[in-house]
Amino acid sequence: MIVVNFKAYSESAGERGVKIAKICEKVALESKKEIIVCPQTPDLSLISKEVSIPVFSQHIDPVEPGSRTGHITLESVKRYVSGTLINHSEKRMKIADIDYIVKKCRKNGIKSIVCTNNVSVSMACSVLDPDYIAIEPPELIGGDISVTSASPEIVENAVKNIKKINPSVKVLCGAGIKTGEDVKKAIELGAEGVLLASGVVKAKDPEKVLMDLTHY
Amino acid sequence: MIVVNFKAYSESAGERGVKIAKICEKVALESKKEIIVCPQTPDLSLISKEVSIPVFSQHIDPVEPGSRTGHITLESVKRYVSGTLINHSEKRMKIADIDYIVKKCRKNGIKSIVCTNNVSVSMACSVLDPDYIAIEPPELIGGDISVTSASPEIVENAVKNIKKINPSVKVLCGAGIKTGEDVKKAIELGAEGVLLASGVVKAKDPEKVLMDLTHY
Amino acid sequence: MIVVNFKAYSESAGERGVKIAKICEKVALESKKEIIVCPQTPDLSLISKEVSIPVFSQHIDPVEPGSRTGHITLESVKRYVSGTLINHSEKRMKIADIDYIVKKCRKNGIKSIVCTNNVSVSMACSVLDPDYIAIEPPELIGGDISVTSASPEIVENAVKNIKKINPSVKVLCGAGIKTGEDVKKAIELGAEGVLLASGVVKAKDPEKVLMDLTHY
Amino acid sequence: MIVVNFKAYSESAGERGVKIAKICEKVALESKKEIIVCPQTPDLSLISKEVSIPVFSQHIDPVEPGSRTGHITLESVKRYVSGTLINHSEKRMKIADIDYIVKKCRKNGIKSIVCTNNVSVSMACSVLDPDYIAIEPPELIGGDISVTSASPEIVENAVKNIKKINPSVKVLCGAGIKTGEDVKKAIELGAEGVLLASGVVKAKDPEKVLMDLTHY
């Protein structure tokens, strides 16, 4: 499973985002691997109509529908997405709010990926019973070395310890992932997939990168 | 000028939002008054395609495009909107960030409506040279009494003092606005329009309410 | 163990805080029970000199010493306190920051009390290995009914489940605690103490209330 | 007027803070210049007793006394300080909150220094009628070049434009200030004083630096 986070890159906004999403869809169909896209929030209604692969949101605010100008409720995205990132390193949340959103996602049939920064936080969040924990060591995010090369023991320990606490939680890893080799290594370390962003979105040839990523 | 803020109401999400936006468009065309809609962020790409009246966003985060997962950049909404609310009472911002966003809006041809809570903050924000200041006394927001009835002197003072500091800033008022009579009074007090939300979005018959609002 | 949170009450600031702290000390010595005081931050240097019982801070910001105007570092309070509240319901923190502060406390010999709102968040935070988890259901905080009467099952479940995950974590409970009877019940439910605020600080006769609280 | 911000430096905490505050007092008395110290919050009760020069707090939270664990109210610091920094670049605040705190300071006889990042924000904040605006261009903070050398026009423009809006507001400037020459230049540019931190707090010989600073 490959989760492509569009972040707030210029390269992934509007029609450029549609184009990347369609490339993701094409490669997913050809490779028979699961690829998930996380478009920018204002593009959710646009991109969700254009592709058949799963669309996730990048964030959901921990609030109910109502007088909440400028907030992103689960209710406002659920017609466009089948899952969401939660607590991304660029949008950290309070623990009580992560708990609230994970429960709300489960109740609404929305898949939850809780992003974490280290093994202890990963274990803590796995108690909250999300569908996925995505561990991304902050010092490696946006860098050139894959977490699977730089810190394989972090991924391995995260998987081992998360499973001890909550065997039903699946583990993803991220930070510096760029090649099929990185994905292969992630899976060998016990992860069920990867989370990446610039490696695809800012690539000169995203299709080529994605084809490589799916050959693991 | 009537600005309809969709907030995060259930009644304004997705297809229900499209429906309200189309009613706003219809009444705008019939009445020849300017009506602006502020849809929920995930609906921006959807609703902006469906109507010809101006679409504004409810909020823009004070960040540049890049590694900003879950943030709403001006660049990500500008293909869908011609303006934005800034510093709404439900999404207050830091002064340096209001300054940053107002300047960025002007540079990008996006109209800016800075929301404020009292006369002194309205005056302060008018220094930053937005297109509009929308004053909404917090104690009256969501209530049954219009600001123009409950506190006409606040609107009058805001207009007078804002114009002294920056004559090119236009003034809107909000809180409790529900009828054409309220709009008429707002204009008599020197405002150039109103900002409202539940009065339209949660109305049993939004078209009837809007028709009344435009008869001032 | 009784933790008295001074909050930001007028009744606990400055000399009035010193007076309450001294009453806590007196009752602790007489009753031979452990009473901990959490003064307001600007009073820490004052109150810590005046009493021999443990003084805890109400909050620590997740930052290192340096260019951090207006932030409360562990380093700035550690000469005055032997422990701290973390993630109080009135000062919620991000999960990565709770993890950071708990680890930093342990390294510096500062006791950590992580406040939580429900059983799942309590379990999650117990993974982070603080000295104490203090569970306080938000709907009961500041109310007239003790958590031990209103929701004894929450305390019981919290204790049971926290111990399963991390047997070395001790459990406190709070919300509506006012009498020795409440403390007794808390202990019967498996807690090792209570966290309270207005029940002591805003009492007409704090000494009388504290004497009662220690008779369990 | 020289305002020494202790920030959260190790060099200014506890007894080391007392020592720096006493040096400031000594130089103030000898030079007959006004020097103000802004200690770390937990040291306020300690340092305010040790020196006769004005003590200001680094920050005040925009809340009233009450159930506000971990917050710094004006009421909790006013027995220790005669003024406060507001909206420091390391602790930015919402515009409505700056307005609230400035008004509350005036009502309570506490001097207010609102920190700002550029000319337009300085002008906006001067509308709120604080005692001082302290302009500090963020790109120069903590650097080696004084704002008075690097961007004299910013200081000059700030003074000119602030006075136009509110002649009773006094202007300070900060960022890179290290010598009496910098202070002299600040005054020539129309400022009434400077705000500095590391230049004094992290100096090998703070007394010597302060003596130089007061020779303008």
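As written, the chains take the letters A, B, C and D, and residue 1 is the first residue of each chain.
FYI, contacts are C-beta pairs under 8 Å (C-beta built on N, C-alpha and C of every residue); 3 or more make two chains touch, one makes a residue touch a chain.
As the structure is a prediction and not an experimental result, all values here were calculated from the model.
Considering the contact criterion stated above, no chain is in touch with chain B and with chain D alike.
Two copies of one chain, chain C and chain D, form a contact in which over half of the residue numbers belong to both partners. Compared with chain C, the chain whose C-alpha mean position is the greatest distance off is B. Centroids built from CA atoms put chain C at 44 Å from chain B. Note: centroid distance chain C to chain D, computed from Cα atoms, is 34 Å.
Between chain A and chain C the centroid-to-centroid distance comes to 37 Å (mean Cα coordinates, whole Å). Counting partner chains per residue, chain D has no residue touching two or more of them. Chain pairs that touch one another are A-B, A-C, B-D, C-D. By the touch criterion stated above, chain A contacts chain B in their complex at residues 5, 7-10, 13-14, 38, 40-46, 57-59, 63, 65-73, 75-77, 79-80, 85, 88-91, 141-142, 197-198. Chain D makes touch with chain B in their complex at residues 87, 92-99, 103, 116-118, 120-121, 123-125, 127-129, 165.
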